[in-house]
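Supplied in structure tokens, the structure appears directly below.
Think of it as A, B, C, D and E in the order they're written, each chain with its own count starting at 1.
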């Protein structure tokens, strides 16, 4: 039980990632707004920064350890994709903020892992926050805080952890596959978000497998109590829902944003993004309903089982109580009880008992009480 | 049980058609957006393409096996209806896409059978996705993914499976019945969607029959447990609801679309379409309520039955326990128990027992406990 | 039970009037849109058409059997009220449609009794569909499909059955009471709708009586099970709700309609209509809540009763089981049981039994278990 | 029970004041719209009409028995407040309607006590309907229908009953306290509505007292069944809610009304009115939740209690049944039962019984079953 | 129980702070609108007023006991922050109102502690009401009524109690840290509200700790009944929700306000404020769901436990009743019962009993009834 509880705690949807710890809040409160504090739990010592620089004819890839050592000018002729792996190096974040002239509040939200998905418009850049979901080796669901800043000719992507789902895009840039090399930073932003949302489908597919497996077991073996498993699945679905749900608004806003940063021809792709987001959200909603249904079925099963047990037990008692009464009758000490003197009285009595017993069973069966 | 479970699985509303399988997702993720991948399960070897070309005075009907062999020009003087039966020939879809100059994302959604109903506006064409519902031979409910593209003088209709509900329209075109030959492509689109929505009425009528049949049985034979049948009907209703519900928004958008593709005089018909859609949705909502009511009634019946059984059993025990006590009294070995010496004591005792038994029964009957 | 079930079926809210039968649908599907098919169940042989023609100084009343025989011109100087009693004569409907130059879809909806209440605006006329509710002789609730078409100087009213609530208006026209003779067709439309909505108050008053009567009985005789009566009342309320609810939108649209057909001074009356509609709807909503409350109360009563019975029975058993044990003690055959040799042992034993019995009763009463 | 039921009926929220009686409806239906019929139940023989006429420097107060005898001209230089106490004198209402040139439908709604709160704009006047709530001597909650008509320089206030909450305002007019004498009719309207809404706070405070008292009792004496009291409180809260809820929309409309009748500087006060209305409504909503919570707590208490009783009784039976079995053992008539010949066998038996009894009790206590 | 009840009462969410006491209402009703009455319960004798006056180069700090003694002119060159600690000195409030030329209704709301959070726009100032939440020494949650008035160059902050969360801001002003000294009054307003919302995170963190602790205990020790603790936590969450929820609208309005008082560059910060508010509200909503889940789990646990107990007890009875019957058999006095004459009959009987007992236990275990 203790172990299970611990495991449950790990996926507790409102403590793991979405509420800042008290210490962090206190630290932050002692600072003025705009101060960058990393609120997550993963300290990465060596924050690596990958930089892609490309246009239709040219591509350059570089990995820097300290952003201050990256001195290339921001150049409108190429698209620059700066990818920061780890948020604990707040100095790097501040450097980036200065180089790209970002609003002071932006980096505060980049480092604040409890920030919910959102889209903020600034005159020179769009700031998008969303959540990556992935299962770790133990099958536990983790949330990763990702920030994306879209400028005229650059995309800044800040991830909380190492490793991501963007290798396909990197390959497409390197090998000049698809549209990405021939389009601007806005298409890169779309491609990145599309990869994240595509990954959501895998997450919900895993959820679907778990739910179906549980459903199967509840049907084939209804006598077990699955309530804790169901509760845990429910928490997982809620966690997914909380990460994905605000994205609907973000992508919707992105579709309607009236900004020179997003070209007309990219807007069609954003609409496609919106479709996929809706599809993910609807599927998650269906899972919620399904889990509620499983919960109902589980408690109905348990109640039915309990009722069955009680009924059988009560029937046994009900048959034997009158029989005990009759045995009591012939245990009485009245001076004159004619049956007692009968030669085969005892056998007749047993006959009566067997008759009553079998008769009752047949009667109850016929009334479908047994 | 196992068999039932399998059957249930087939209509599982969130796995059958609406969530892409993991493999497909993975395959798709390795491609850039806009790449056409068929996500359904029905591979049709020979995808037939029916083409109607007509105006008020002229009609031509042709069936081609490969779209590349269809070389007729798109001509604004006639309405062209291209009907693709099967989505597994992605090459044909790509060819069509090029011939009619469609946006690259359109064909991705045409082939993606998990795409929910939607309406996308493009400068030169409208793209509509909806779902056909039909019962197969086993009475199982199937969903078919249908895409419709409306251009200036053409309608492209892409269906997942062979066979459809449009034969009436084909006859009307051939025989020049009704308005269809004298109006444009927009009216053809309306006629096609109208046929689909009319077919929904048959689907919900079948559902209605099933629900009424179940209701009848619950009323006439309340001692059975119908929960699994109810659960299955509920899943079916949910599946219908998920296919039809988004159509409300689609038709609503279609009614309000400000586009030269839909003529003013056709808009009145679209409004009629909207009315019918609402009517279908409302009926489905009523079914949901009805099924919830059946569920309540079923569990009330089961609980009542259980209570009745327990009550009767408890009453039997309650009558016999005091009688057993009295029998125990006269089984005691006190040296001086006057009743035991009475000549007819035993008969008096039996008299008292019968009196108590009948008296209790009458008392319980009068108190309506029995 | 069987009889009740039949009765319930009659008021089944989703089969009686709102869903077309499969045959009708199939018939309709084989026709092009705009084809007039009567979908109700009441075939009236001789469809009578009443025509009123009036202005401030003049009134003429006529009944025609075939509309084709009514050849008077539509004249803007008088208001014409054409009242069709019965929808099975589709020829008459088509004739009217041609004479008043109505849109082809209008007559389809007039004859389609499953059409929900709605308001459609056409350039030359307004088309309103609503439902009349009335109790027939058996107290059964029936729905009548009514269509109203408002033109510049005419009102066409098509009713499904004979008999209506408009006799008051007919008298006012004949005797020139109130405003109706001095105002236009729009005021006549208002007066007709007002009469229908006023009649709703009688319907809901009857419902209120039934609910109060049931409530009274549940309070005074809580030991009965009223769940089927409640269920039936609930169905009736749902039927009323489904007929009236869409009217809110209709009247709201009518209030906001920007159309030369409705004069400014009539709009104030339409606002009044809206007030009454809201009032009816709110009352029906209260009824829904009340019925839900009755249902709760009923099941609480049943559960309480069951609990009471079980408690009393258990208490009887609980008292007698220890007493039986004691009787068993003195039925034992130990060689040396001192109490058995006592002169009055048997009487002492009875004394102890009575003491235990009365003591237990007092104890349970004091603990409020009895 | 009967008495309680009667009392409940009095506050029945959907019959007392909000639905017109059938007779009244029928009477009204036989008249044309605009006909004034009093639908309440309180016939007041002598309807008194109080008239205040004031401006910054002048104040005159008059009470008239028949409005026709009040012949003073409506004068824009003074504010006139006409207060009608009782609605049964429909002649007076009609006279007022003519003198102030009101729309014919206004007086119909003034006399129709089942009219829900609303605001109607007319070119020359605003028409507001709201409900006064007060507790009568028996603590019963009553609803009073109040209509207010705001003109350029007059306020007409029509109340259903004698006695009101406006004495403070009368004093302020007489003594020229506050702003009322120096401002126009619009401020008077605000002051009157403010007095009504302030009175709502007293009503909900009384409700709060009742709820808290009940809550206290449920906590301190959880073994009682409070469901009927809770049900009654719930009905009272629903009644209050129905009277106040539509006022939100009324005041909101009043705040946004674009009308020369309400001066800019009065609009700030109307906003304040809106705040207070929201506050009342929110408090009532909290009460609803609290009552739902009480209901839950009450039924949990009852179930717990029942469970406790059943558990204790079952435990008694469970202890004594094995003991009775053992007594039965030594009541058997086997020829050779060694224990029976033991000198102290009987005492050993008793020892065993006491041991089993006490042991079971300790065991059950330790397992927290007792 | 009594003590617990008292404690509960203290945090009663609808009586403690949000509904004015009847006396206060009555007092207020006897006054004209705009009269300032303190409706809270904390009388502070010596209301201290702290005044900050600063710009980029200059800062002055002063504490006055009577506002009338503060005679400095309001000067647009410096930002003035007037902080009133305590609302019981209504004279001071009136003085401030006159000096800053506030609308008469503003001070009424400042002193009315039951006023819900809101934002009112006036031509020269914005008036914001919100609630501070803090835990007192006993861990009880208290609500403090705070009003903030933003003018061109001043911020008036009126708090109900001493002590606040603004010391960080005071330090930043004194030491010229962050932006506050170089920006206007609008940024000061933002900083103050930000401090309050940051403090909400600590409050909800404490709530989170309590909920997690309770959850832990329900999991590890499911046999307890936690319903009262859960109920209390629920009330606390509701109290927090009621204080924070209306703030969403306030900050949203603040973001959209079109007013010269809030500079463009401050609006970005207000948007950040909105993000945080949403985050707090969403977390509180999750808590509500979690508590509902705990409640379910708690009652399921209790029901399961009860069922387990009943099952075990019933099983004991069920085993012993047939055994008692058999003992009764051999206690009968038939003249000829062969078993009784057997030498080891008694031992065989015991053997049978032990066999039945153990057999039943094994049977029940195998059927998972035990």
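Going forward, contacts are C-beta pairs under 8 Å (C-beta built on N, C-alpha and C of every residue); 3 or more make two chains touch, one makes a residue touch a chain.
Here the structure is a predicted model, which means the values were calculated and not measured.
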Open item on the list: Return the chains shared as contacts by chain C and chain E, ordered by label.
Closed with: D
TODO: Over half of interface residue numbers shared between chain A and chain E means same, under half means different, so which is it?
DONE: different
- [ ] Could you give the separation in Å between the centres of chain C and chain D, each centre being the mean of its C-alpha atoms?
- [x] 27
- [ ] Can you check how far apart chain A and chain C are, centre to centre, with Cα atoms defining each centre and the answer in Å?
- [x] 44
TODO: Return the residues of chain A touching two or more other chains; collapse runs of consecutive numbers into ranges.
DONE: 310, 314, 317, 321, 324, 328, 331-333, 337
- [ ] Have a look at which chains touch which and call the overall pattern line, ring, star, complete or other.
- [x] ring
Open item on the list: Please output the residues of chain A touching chain B within their complex, sorted ascending.
Closed with: 165, 168, 172, 177-180, 190-191, 194-195, 198-199, 201-202, 204-205, 208, 212, 216, 219-220, 268-269, 271-272, 275, 278-279, 282-283, 286-287, 289-290, 293, 297, 300, 304, 307, 310-311, 314-315, 317-318, 321-322, 324-325, 328-329, 331-338, 368-369
TODO: Under the touch definition given earlier, write down the residues of chain C that touch chain B in their complex.
DONE: 1-2, 4-5, 8-9, 12-15, 18-22, 25-26, 28-34, 103, 105, 108-109, 114-116, 118, 120, 122, 223, 225, 227, 231, 238, 242, 299, 302, 306, 309-310, 313-314, 316-317, 320-321, 323-324, 327-328, 330-333, 337, 339-346, 349
